[in-house]
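Presented below are the structures under discussion, each in the form of structure tokens.
You will see two complexes here that share chain A, one where it goes with chain B and one where it goes with chain C.
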Partner chain A sequence: MSNKNDSTRRDFLKKGALAGIAAAGGMTLGMGTKKAGARALPTPEKWDAEYDVIIVGSGFAGLAAGITARENGSEKVLILDKMPVNGGNSIINGGLLAVVNSKLQKKEGIEDSVDLYLKDLLAAGQNINHIELIKTVATEGQDLAEWCSEKGVEWNPTLEHLGGHSVPRTYLTTVSSGSGIVRPLAKHYTDKLGGKLQTRTKLTGIVREGNTGRVVGVRVREGYNFNYNATNGDRGNTTGTEKYYRAKKGVIMATGGFSQDPFFRGAQDPKLSLPTDQIDSTNHPGATAEALEEMFRVGAVPVHLAWIQSGPWASPNEKGFGVGSSYQIAAGFRFGIMVDPKTGKRFMNELGDRRTRAMAMFNVIGDPDKPNYPISIADSQEGVLAAQTLEKCLERDVVLKFDTMEAVADHFNIPEAALNDQIKEYNRYVKKGEDTQFDKPIDQGMKPIEKAPFYVMEGVPKVHHTMGGVMINTEGRVIETATQKPIEGLYAAGETVGGPHGASRLGSCAIPDCLVFGRICGRNAARDKA
Partner chain B sequence: MSNKNDSTRRDFLKKGALAGIAAAGGMTLGMGTKKAGARALPTPEKWDAEYDVIIVGSGFAGLAAGITARENGSEKVLILDKMPVNGGNSIINGGLLAVVNSKLQKKEGIEDSVDLYLKDLLAAGQNINHIELIKTVATEGQDLAEWCSEKGVEWNPTLEHLGGHSVPRTYLTTVSSGSGIVRPLAKHYTDKLGGKLQTRTKLTGIVREGNTGRVVGVRVREGYNFNYNATNGDRGNTTGTEKYYRAKKGVIMATGGFSQDPFFRGAQDPKLSLPTDQIDSTNHPGATAEALEEMFRVGAVPVHLAWIQSGPWASPNEKGFGVGSSYQIAAGFRFGIMVDPKTGKRFMNELGDRRTRAMAMFNVIGDPDKPNYPISIADSQEGVLAAQTLEKCLERDVVLKFDTMEAVADHFNIPEAALNDQIKEYNRYVKKGEDTQFDKPIDQGMKPIEKAPFYVMEGVPKVHHTMGGVMINTEGRVIETATQKPIEGLYAAGETVGGPHGASRLGSCAIPDCLVFGRICGRNAARDKA
Partner chain C sequence: MLNRDWRKAGKSQTAWKKIMLCIIFAGIIMGGAAGVLADAVLKTGVDGIDCRGCHGKNEVLPEGHAALSGMTYDNCVGCHEDAGVSMREDMLLDHVHMLHGIGCSGCHSDPEEPAAVASETCYECHGDPRAVADLTADVDPNPHDSKHYGTDLDCDLCHRLHMPSVDFCAQCHDPVDVP
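Moving on, here comes the complex of A and B:
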């Protein structure tokens, strides 16, 4: 089929079907006009700078790409980032890396396989994952822990067993954060490998060569000042100076997701269209969609954009992931119940999947201008008191402490009798070991809610990960809608790619995705013809 | 916020920040090259034809747009369609129109409201519908039955009550098909209003003016021969002759969905990437994504593309909707059970929602190269024998008849004991009035499966509706990612728009959406400045 198309296209070219097009002199391209963003960019008369490989974004994917591009013989490699600091969202990520057949798995005697990894990701992703991509992650990711260690990353000595994974396979950095990966990789890239890393430089256009359609560079704004108060994904920010950078071998887009972009996320789910001070995100403020949108303008395939993951464990009384999320995951949801203050009743399985819980909570919250936040109520049982962040939550008023249930009802204006009935009912389920109200799995660590003082946290889902992005092949090349083939010279890796995680990303699978495809993109771009 | 952006943008314009751009002479635009699709098109030197309003697509939305554009004073209106016949997918649609406060509702004493309509659509759409769009449909759609009647459409004298609707509100054409709307509207548009309708003319590009970014015309191929055997959405088909048509007042995209486009639908769900002879669709063969993709290249916002509705009621032994779907909806699913032939066991609630059933069936089918189609098994109870299409299904071997359950097991190679156990178990649920296996709602019309002969139909989900598309506002104007504002001169209506139906479209709500927004687009384009 593709051969046939190629030949019809060649016939078309031979015929030189160029009639009706203006002489180029008439082709004003709208540069600098109101609609400047509407077109893929042509080659400029003069380049302001020249590199072999240009990487946009300095998180996990961008750094891995920079390292392999240098290792594979590219002399001049540039990683650019629009923010004033490098690391993107990766630097505030949790630092969890899921890989199979690792040294720690061997040491701990855990049997794992690429197939089992795929099975887990497909189950979470509702079977719409682009399977060849996660197969690549699972297969090529087996050495990642050591690859990182060689650059100075420090891992905990034992594996984590995360929800949704059939076996323990997750490494965690000793600092419990992605910064434990970003910092050593960035240092290795710049200091050891002599790579260039330039912040405050925002991509505003991808340049394609007229004759071949090949991506040959980027338009950027140097000295860009990201507007932290913008509520529109920082669109229309024209700070800095416009420059054109040539990329002789390739451009790698490692530009992340759009969890902090009310416009683009709201297009997929209108309740997320409110500014981030009303519908918050766990992401860094730069997680906006403009680079992604530019890829669509040059013809990339939109994949899975409507799948947006909100974390149901967050607090409306602090920004981002905060300290509340850890408490809610470890204690509030497991040992407590979540109720609607208007009714005093539970409305979901507190340990259900993220998507179902977030939807149920948004329904309770209702009008975001007058939000009715659901609350988790827990008592002084062992599991609750053991929650690591409880103290910080209390200090910051993210969790409140009450001596009686009456005081809880009073503070949150809950119908007290209904609340007491609900708690009695739930306590029966705990004793029986079966929740016939919402099918929450009751384990032996859970006790009835009865021991004062009581701990209460308001809950709100926060936008956590955007599964969608552009389509790539297993070589990291961005596919074009019109041809169904790669756009020469254009690569993408990490959260800006759609497909690997399907409908829902499993925890600890973002880092391997970013690092594996970052490495693939860097290697392929470096080896590409000049 | 938008004011602030406007002013920064104006400042930028004043500064004339055009440095670094080649003289236009160097700007080859890739026209006629391999990558021709990658760029929005500039204004051609000469237009081959000139119209006031150009409408792309001749289904419900396109025809409504053509009629109102003529009625609102546009002299020269063109509707074009790539296919050899007009009507698109609308002409094979079911002809169901859901409207509120209609004459028939008044006659039948049914109380309804815009709010109730919204409630029903939001429930089906998982609350991610663009609510202002469906509010417009509900509000402005109240006169649609009469508006159609005036043009010669004939409706049944009583309303239908469709699943998911709180009250009966659905008109049905006397011919039980959308052709009963398409034909009279097309005749009215051409014969009464003197509008032009031109088939075999395919849009290949949207032309934007350099200075303003305004859409001022289209590039097409006249005399286009759609390739019915294409398995790639007919991309790269260069039949016909390239022409440029100017649209002085506006271009209206009424180009439908992409249910027949394995590449684009497969990007959202890889199991749908197989050619339509393996994963079929109920749609007409022209339901491909190329026009939609061109809108993304000129900067439109992708909305809800990942939400694709497959109808779980179809047969693998005939093309499209066929006769089997009606039987399966009316009889197979309600009075029978669906089992996996490998196990003889049920695997879903046969009356569950479309999405859940389709996913469960795809899981049973497994490898599409060696499909294991699930089968519905029904007996000779009254409800089954009353199914209107049963006879045709038997004639066409879509439904097979067996004298004994042993013969069923034998023919489909089902473990017989397991099958018999399953039927006995199900029959107990029917007698008890409660299905504790899969929670299928048991109604009084359902009888145990026991009376020979038995009727068996293989089942397969077929791609039925694509909820996603471009973002529009309530004026039918296409919104641009870069500016979050309308692209001047560009409108869209119907299935190519994303948002109204959210995650899942409710039956009989496509026609009002198409007609209301078709009318809005036609009116606004006609009134737009020249």
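Moving on, here comes the complex of A and C:
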């Protein structure tokens, strides 16, 4: 038993390192698409069920769409999900929401603006972002914390300051997870608004009407049995019964990214084509590409598909996102420093964007077979002790606790004098309010690293987010390659959309993107005259 | 805790099953440990399934294991607790159910063409999701009341009857033993 565990652990030490290296080198690629409707599914003779709006996917975007569609007068709204559980990635996500000009920013005296938000996202996204989309997120997302609270979401009373953001602007759910948003929204949608949520139902086709080209429904497999043992993204699974559902007003695709799809992610970056048990990801196993592929099949424009992001805050000593990532985001990177154990020196801005940090970390890790994991070192300052998952990290040996810096150096075999010099140097920057070594933004909550005991976490980047997807306009309508115009009746929101985040998404910007465009899609589909 | 639960499961079955169980236990007492009647018990115990199909001449057991003839689940548990060996790792849940008098028809409405069983069927004996969560209240995190899924997860995401159970949460978290 213990042997088995050990080998599992070793496997994913290796996996994490591999995954990261593979994801570090994204390139944008073009993709050929068929002429619109060329291979469209024919309209069935008889529909098995009829709805006003059908939403595919039950994460943040799908739920926001469902709620808004109901609120805007759609009687029959269906959210379907292929998995046996609802919530997709959202329900296991970190629960971080970055919004501008929020009540908490006012309370904490933080000055922010839509322009500063855009500047941060463009810097991380290497200026290839579809700027009108993020402008919509920043502008229309300002009420999101309250919009969620009204439906039962509970937020922490203080803001987080995440990597790549100029100022603290991130709300965090009290449960440190997106489930703190998904569960209240799902309850509100089903219980208060009478919306229907149906799991184990997989989309297998989008139906476009022959003469008009309008999307009028979907083909699904009801009673779908997702195979959790599959390592190929569950391709070739034909369980369930085929049905056709009519959508009178529109189909909203809220189907997420493809971090767990070896074929499709491998097509963008061949190093990522290894099976899912060999390359670790923070995503749920259903994060696969078939719905995205179906949108391309009916003519959608592919955007930024090869930009695949690895999260720099993960731990090689647990699976997936785990408890370590939350600690590293909230405490390790903000209040601590990350050093290369071989040198005892910092090597990056701990609050830089994800892509920059991930690439710097891979350089330190080196050979995945003999990884040299960088470590974050933090002390017992208030902000660190307040990290919600610190206790769990300690229980699970994801974070280790040391009484002296000498013990840290000893445990990780770090040159002690160099490490002490580095910490002294960093502490000077904190006192001065300016980091001239790596330009880490120093905020007033940060204190010098000096108060024992010290907390140390090994770090590895893991496949986390696929920036690419279909092209939409600011109305959430999917754009067709052949006509460069919206495909009538087809909407998309969330990670399945390409463009808003450009080359690399900033942390805590996915939830506002999903919620804002989910709401836009739900509203527009419900108001559609068709 | 688990034992108590299973006993409760047995008791809450329909009347005919109770009668059947009485006959079984009476048979064990009258027939003696290795008697002819005990073998008959194994044969007719539940839904007429004959345990000797596998556990007869070619016993599916580790070397040196006592013969199963006439054993009840409590007998199994008794020995295994003494020996400090967990039986759950090796015994499929359909066997555990069978030893408590729950055969195919106890869960499948049509045992001739068995379909997937909904969690509601499990709740009939094991209590509602809240009650099940209370049984594992001292496990942290409580798999039956997690911060991601609350008490909403279907039983069969972890508990498999005819194949080894799996740990749904182990996709991200450290694995635990799942009965």
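Note that the second predicted complex is superposed on the first by the 345 of 530 C-alpha atoms of A that agree within 3 Å, B and C clash if a C-alpha of one lies under 4 Å from a C-alpha of the other, contacts with A are read in each partner's own complex, and residues count from 1 in each chain.
Keep in mind that, in the parts below, a contact is a pair of C-beta atoms (placed from the backbone, for glycine too) under 8 Å apart; a residue touches a chain by one contact, two chains touch by 3 or more.
Source: prediction; values computed, not measured.
When the two complexes are overlaid on their common chain A, residue A:Thr481 makes contact with chain B while staying clear of chain C.
In the superposition on chain A, contact of A:Glu495 is made with neither chain B nor chain C. By the touch criterion defined above, A:Lys243 reaches chain B but does not reach chain C.
Of the two partner chains, chain C is the only one touched by A:Ser179; chain B is not. Judged by the touch definition given at the top, the superposed model places A:Arg297 against chain B, while chain C stays out of reach. Of the two partner chains, chain B is the only one that A:Thr43 touches; chain C does not reach it.
Shared contact residues on chain A (touching chain B in one structure, chain C in the other): 5. The residues of chain B lying in touch with chain A in their complex are 1-2, 5, 8-9, 11-13, 16-40, 42-46, 48, 126-131, 208, 210-213, 219, 230-232, 235-238, 242-244, 263-264, 267-271, 289-290, 293, 296-299, 301-307, 359, 362-363, 468, 471, 480-484, 487, 498-499, 503. For chain A in complex with chain C, the residues that touch the partner chain are 5, 84-85, 87, 91-92, 175, 177, 179-180, 183, 225, 228, 284-285, 318-322, 396. Considering their complex, residues 116, 147-150, 152-154, 157, 166, 168, 170-175 of chain C touch chain A.
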